[in-house]
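In C-alpha cells below, several structures.
One chain, chain A, appears in both complexes that follow, with chain B as partner in the first and chain C in the second.
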Partner chain A sequence: MKPIVSTDVAVLGAGPAGLAAAVSAAETGAAVVLVDAGAQPGGQFWRHRPETVVPEPDGRGHHGWKSYLDLRARFDAARHQGLITYLPGLQVWMAQQNQPTQADDAGFTLRTTPTVAVAASGAGVGAQAIVARRLVLCPGGYDRQLPVPGWDLPGVMAAGGIQAFIKANGILPGKRFVIAGTGPFLLPVAANIAEAGGKVLAVLESSSPTAWLPHLRAAAGVPEKALEGAQYAAVFARHRIPYRTRSIVTEVLGSRILGMDRVSGVRTAKVDVEGSARPGTERIYEDVDVVGFGWGFTPQMELPLSFGIETRIDADGSLVGVVDERQESSVPGLYLAGEVTGVGGATLAVLEGTAAGTAAAGGAVVPEKTAARHRRFAEAMHGAHPVPAAWQDWLSPETTVCRCEEVTAGQIMEARESLGAHDARTLKSFIRAGMGWCQSRVCGFASACLGAGPGVSPTAESLSGIAKRPLAAPVGIGELAALDADDH
Partner chain B sequence: MNQGSDVLVIGAGVIGAATAYFAARQGLSVTVIDKGLPASGTSSACEGNILVSDKELGPELELTRYSLGVWHGDLGDHKRLWEFESKGGIIVASRESSLASLNRVMAVQTGYGVAVEELDQDALREAEPHISHEALGGASYSEDCQVQPMLVAAHLVRLATEAGARFLADTPVTGFLRSSNRVTGVKTPRGDFSADAVVNCTGTWAGELAALAGVSVPVLPRRGFVVVTEPLPPMVHHKVYAAEYIDNVGSSDGGLQASPVVEGTPSGTILIGSTRERVGFDRTVSTNALSLLARNATALFPFLEHVKAIRHYHGFRPYCPDHLPVIGHDERAPGLWHAAGHEGAGIGLSAGTGKLLAQALVGQAPDLDLSPFAPARFGELSTGEPARHSSSHHPASPQSAEHQSAEPREEASA
Partner chain C sequence: MSTPTRGTAEATPSAAVVRVSFDGRPLEVAPGQSVGAALTAQSITAWRATRKGERPRGLFCGIGVCFDCLLTVDGAANQRACLVEVREGMEIEGSCPEVPSEEPGGRA
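Right after this comes the complex of A and B.
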C-alpha cells in the first residue's frame, strides 16, 4: 500500500512560482503539499549549493535573491507551523483528475516516484500519491535547443545547464567558453562564468540591439531590467567579454582528446536579419572546451496537457497554457503559474505564483499592475530575440537532430517530403525522432519546425503532439505493478 | 476541387493504404483522403503484428494465411521499407492446466497447417533466456512476424501515388453524394469528390461513416494500453505471450482484461501489452490497466521489475460483434464498399484485404471468398448497440476472438 497524502492545495515545483504559490496558499489558510524534484527549495532559478554543505548561501550570481530569502523564510515558517508539507526529491509521473463524488468537487491525484539522484542517495521520502482539492502546477521550463553541426559533441551544453552547474556545484564545467543563441539570458550565464574564473571567448547573439527599438516603451516599463543590463555591461567590460550581435555558431568543431571526440572550437558567422550566414564573415574560435547554447526556453507542458487544458502559442513560439487573472486554467481547480503560462522570468513567476496560491486557497486575488508590465516586457523581449527564421539552413543533412534515437536532419526532411510527415508526432512515429529517453524534450521544437518546413512556424497541434507525455517521468515497472488494484 | 476517380478511398491507415496501393496497381484511378495524416488512427497505436498464432479457425485464419502470402509475395520487395521482421511468436505456459490446453491447441492448429513447434522447458529457456523460472513450456510459431505499421501506411500511400493515385490529408468526409440510393462520392470541406466506388477504410470510425450513408456497420472501439520501457540490450527475442488466457476464454465481459504480451524491439525498448476494454473512445489513462500490464509482464519476465517505463500509449481496436472484419461491396448502398473492423489484426490482414478488395473492385473473382465478410450480414437498417459480444469461441482455438493481440504499437520494429 502506497502512502497517500491528502491536502487542500498541492503545488508542484519549488522554483519562484511554486514557492510563492505554496507560501501564499498556506498564508491564506489552506493545508498545502509542495512536491518538487529538487533536493532543496529554489528550483532552477534559485538553485544553490547543498544546504548541508553551505547552510547560508550568500546569493552570489543570483538575481532576486532577496525575494528568495523572503519566500524561503515564509516557507520555513509555514512548514514549522505544519501548514506546508514539503516533499522534495519526487517526480510526478502522472497527474489525474479524480472521479467526481456526490460530496465534493473531484480534485486531483499526483503519482510520484523518487528522482534518480534521491533514490541513489537513499535519502528522501518514498513514492507517494498526493490527493488534493486544488492543484497548482509550476513545473518551469528548460533551455530550448536548436541543432547545429557538431552540437552533439561532449562539451556542448545548454546555457541554462552551465548556469545550473555553477549554481549547484560552485565550480565551472570547463575553462574556455563560447556562449551563443539569443536573448538576455545569455548575459548572466556569461557573467557567472567570468565571475567564477572562466574565460568567455565570446557571447554570440543572433539578434541585434536595434531589434529592441520598436519595444522601448515596454522595456521602459520595467526599469530594473535596464539596471540588470547595466550590471552585466560592467561585468563584461571588467572581464573583456566580446559581445557579438547578429552572430551565430555555424559549426561546433571537435577533436580527439584521450581517445574521445570532444569540443575544440567553433566556427561562427555574421547573419542577416533572417538569420542566414553572410558569406565572408566566417571566423574560428580555437581552444574552446565548453559551448553553451540558449535559444530561449520551452515550458514543461506535459502535466498541464495531460488534463486537456486550453493552450495557445506565446510570443516566443512556445506552447503555453491559457489562464485567467487568477491563474486558473480551463480546468476548474487547476492553476498554472510561471513559465507554463508564458516564459517571463522569475519576478513575473513569483507574482503569478502568489495569485495562483491565493486563489487556490480560496482567497481574493487583486490584479497586479506589475505583472502586466512584466508580461509586456517579456513579449517585447521575445519580439526582439526570435529564433532566426533561417535557422534550418545551418543544418547539413548529416546533422543529428534527435540525439536519443540518432535521427538526422536529412532523414527528417526525407520523411517530410516523401511520406508527408508534416508534424512532430508523425515524424516521431515514422522515423523515431523524439521517441527516445528524453521523449522530445531536447529535439521536439526543432523537429516540429523541420516538419513544418523552412520558415514556417509549427502549429499548436504539432507542438502539443510532442509535449504530451503519457508518463511525465520514467517510473519503475515494479512500482506500476505495486499500485493497488482498487487505487484509481 | 471536384475530380472524379474510379475509386475513392477514405482513410489512410494501413487498410486504406493497402487498398489504394492494390487498386492503383490494378490500373484504377484512385484518390485517397484522410481526416488527418497517414496512419494517424489505430495504425499508429498498435504493435504492428502479423500473427498466425492467435487466429480463430475459419475465415479469419484463411484471410491471415492469404495475407501472409501477400506480405511475402506482392509486397516482399518492400520489406525493408517497413522494417519487416520475421521474429516469431512464443506462447508460454506457467501452469500444468494451461500447458495441457496449449498442447491441445497446437494439435488442432497443426492439422490446419499452422507451423507450430512444441518447446520443452530447456528449448524455451534457450529461446528466451530471461523467461520466468515458473515457465513450464511453450509453443513456437515461426510464421508470426512484425512490421512498423506507420511506415507501412506511409509507404503504401507513397507507392500508390507513384502508381498514379492522389492523396489528400486533412480532408474529412462530411457527407455522401447520392444518385437515388447509389453512393457516387463524398462531400468534404475541400469540395466534392465523385467516384464509381467509395471505400470506407476508416477503422474504428467506420460505423460512424457508414451511418452517414444510412447503413449499419457495427464497428466499435475496444481500448488497449501498451507500456514501453527504457531502451535495453536485447533481453526478449520473440513476441512472448502467456498461455493462461486459454483457461479464461469464457470471460467476455466489457471490463478490463489483459493478455500478457512482451516483446523486444530493435530500438531496444520492450513493449508490454496489452489490455482490452470496451469503454468507447475514453482516453482517460487507467492506472488499473498500467498496473495489470506491469504485473503480467513481470510474471513472464521477472527482470522487468527493475526496468523503467518511459511511456505508454493506447489505441482503439475496431471490432465487430462477430469479430470478423467487414470487407466488400455494400449492397444496401450500391457504390459504397467497406474494408474495416479488423479488430486487433488489422496490420497483418491489411495486405490481403487490400489485394482482395482491389480484385473485387475491377470485377475479378477474388482469390479468397469474401462472402463471410460481407457488409450485408448486419441486416438492412442502422441499429444502435450491437449484440453484446457473445461470440463463437472455437473450443480448440488458442485464443478466443476475445484475445486479439495485434495491439497498439508505436514502436519501430525490425
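Right after this comes the complex of A and C.
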C-alpha cells in the first residue's frame, strides 16, 4: 500500500501560479502539500539549471526573477517551519473527489507516479497518494503547435522547448535557428538564443504589428510589457535578428546526414491577413539546424476536466476553466490558477495563485486591479496574434499531423469527408489521431481544427473531448492494479 | 586529466564531467544536463525510430509533454530524454535502426 499524505490544501504545480498558491495558503495558516513533476521549483517559466550544479542561479535570461526569488524565499521559509510539504518529481496521473463520508468537505485525492524512473540525485520520493480538503490546480501549459510539411524532422522543436533547453542546461540545442509562429513569446526565445551565442537567421511572425492598433489601450495599461518589448528590440538590434511579420514557414527542409534525416533549412513565404501564402514571396533559409515553432499555448486541462468543471473557450481559442474572483471552479473546494484559467503569462499567474491559495486556506481575497489589467492585456495579445484562418492550406496530404501515431492530414480530411468525423474525439477513434503517447497534447488542437473544416474554429465540446485523459500521465500496470487495494 | 571533486561542498560534489554510455559508446557529458541535452551536445539529434515510418525522432517539446524523445535509461524503458538528468555510469540506449557508418550527405 502506498504512503498517504493528508493535508488541508494540496497544490499541484511549482511554477509561478503554484508557488504563489502554496506560499499564500501556508501564510494564511493552512497545512500545504505542493506536488510537482519537476525536480526543483520554478515550473517552465522559471526553469533553471539543477541547483546541485548551480546552487545560486543569477536569473540571466529570465523575466520576473525577483518575483521568483521572493516566492522562493517565502516557500523555503514555510517548508522550514513545516507548513509546506514539498513533493517534487511526481506526476499526478489521477485526481478524484472523495466520497462524502460524514459531513462536508469530502476533499480530493491525487495519485502520483515518479516523473522519471532514474532520478539523478537518487533521493526522489516514491509514488504517494495525497488527500486534501481543498485542491489548487496550477498545471500550466505548453506550446500550441500547427503541423507543417517536415515538422517531424529531428531539429524541429517547440519554441518553448528551445527556451527550456537553454534555461535547464545552459547550452544551445544547435547553432543556426529559425523561430516561427505567432505571439510575443517568440521574442524572448530568439533573444535568449542570441544572448547564449546562437545565430537566429529570422523570426517569422504570421501576424502584423498593425494588428496591435485596436488594442493599444489595453497594452498601455501594462507599461512593464512595453519595457520588456523595448528590451527585446535592443537585443534584436544588437544581434541583427531579422523580425519578419506576415511571414510563415511553409516547409521544413531536411537532408540525410550519416544515414539520418534531420533539419537543413526552411522554405518561407509572406502571407495575407488570412494567412494564405502570397505567390512569388517564397524564400529559402539554408544551413539551419534548429527550427522552433510556437502558436501560443495550450493549457494543460486533463486534471481540471476530470472533475467535470465548467469550461469556456478563451480569446485565443483554448479551452479553459471558469473560475470566480477567488479562483474557485464550479466544483466547490477546487481552485484553478495560471494558464488553465486563460493563458495570460507569469505575472497574472502569480496574482491568481495568490488569490487561489489564500481562498483555499480560508482567507479573504481582495479583488486585484492589477490582475484585471493583465487579463485585458492578454486578451489584446490573443486578438493581435491569432492562429491564421488559412493555416490548413499549408498542409499537403502527406503532412504528418499526429506525430505519435503517424496520421497524415490526408487521412484526417478523408475521415472528415467520408466518415463524418467532425470532432477530434471521433477522429481519434476512427483513425487513431491523438491516440499515442502524448494523448493528443501536441496534435489535439490541429486535429480539432481539421475535423471542423477549413476556417472553422473547433468547439468547446471537440476540444474538451480530446483533452479528457482518463490517465493524466503514463503509469505502470502495477499502480493501476493497486488502486483497489489502496482505496479507503 | 584527472577530474577534481570538491570535497567541502555539502551538496553532491559536482565533477567536471559525467561519464555515460549511449548505445554502448562512452561519452563524457556535462553534469546537470538532461540526457537529451547531453546527446544533442554530441551532435546526436535522434535516438528513436517511429513504428510505422521508421522516422527518426529526438527532442521536440523539451518539457515532457510529447514523448517523442523516449529512450531506455539503465534498463528502464520509455524514459523522456528531456527530463532525465545524466548520472555517472548511466547506460543510455536508443532504438534507432543501425545506421550505415559512412554515407554521403545529400539534400532529400
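One rule holds in what follows: the second predicted complex is superposed on the first by the 476 of 488 C-alpha atoms of A that agree within 3 Å, B and C clash if a C-alpha of one lies under 4 Å from a C-alpha of the other, contacts with A are read in each partner's own complex, and residues count from 1 in each chain.
Keep this in mind: a residue touches a chain if its C-beta (ideal position, glycine included) is under 8 Å from a C-beta of that chain, and two chains touch if they have at least 3 such contacts.
Because the structure is predicted, anything quoted here is derived from the model rather than measured.
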* Asked: Between chain B (first) and chain C (second), which does A:Leu395 come into contact with in this model arrangement: first, second, both, or neither?
  -> neither
* Report for A:Pro474: first if it touches chain B alone, second if chain C alone, otherwise both or neither. => both
* To do: Using the touch definition from the top, say if A:Phe165 reaches chain B (first), chain C (second), both or neither.
  => second
* More residues of chain A are touched by which partner: chain B or chain C? -> C
* Asked: So, A:Val148: does it touch chain B (first), chain C (second), both, or neither?
  -> neither
* Asked: Between chain B (first) and chain C (second), which does A:Leu258 come into contact with in this model arrangement: first, second, both, or neither?
  -> second
* To do: Once the structures are superposed on A, label A:Val9 by its partner contacts, choosing first (chain B), second (chain C), both or neither.
  => neither
* Asked: Looking at the overlay, what does A:Val323 touch: chain B (first), chain C (second), both, or neither?
  -> neither
* Asked: Looking at the overlay, what does A:Met435 touch: chain B (first), chain C (second), both, or neither?
  -> first
* Residues on chain A in contact with chain B in one complex and with chain C in the other? -> 436-437, 474
* Asked: Within the complex, which stretch of chain B touches chain A?
  -> 37-40, 44, 150-151, 154-155, 157-158, 167, 169, 227, 229-231, 267, 272, 284-288, 290-291, 293-295, 297-298, 304-313, 410-412
* To do: Report the residues of chain A in contact with chain C in the complex, numbered from low to high.
  => 37, 39, 44, 49-55, 115-122, 142-143, 152-158, 160-165, 168-171, 173-174, 253-262, 264, 403-404, 406, 436-438, 441-442, 474
* State the interface residues of chain A toward chain B in the complex, per the touch definition above. => 94, 96, 111, 306, 405, 415, 418-423, 425-426, 429-430, 432, 435-437, 439, 469-471, 474-478, 480-485, 487-488
* Asked: Which of the residues in chain C come into contact with chain A in the complex?
  -> 11-12, 14, 30-34, 36-37, 40-41, 45-46, 50-53, 55-68, 70, 73-74, 76, 78-80, 82-87, 90, 96, 99-101, 103, 105-108
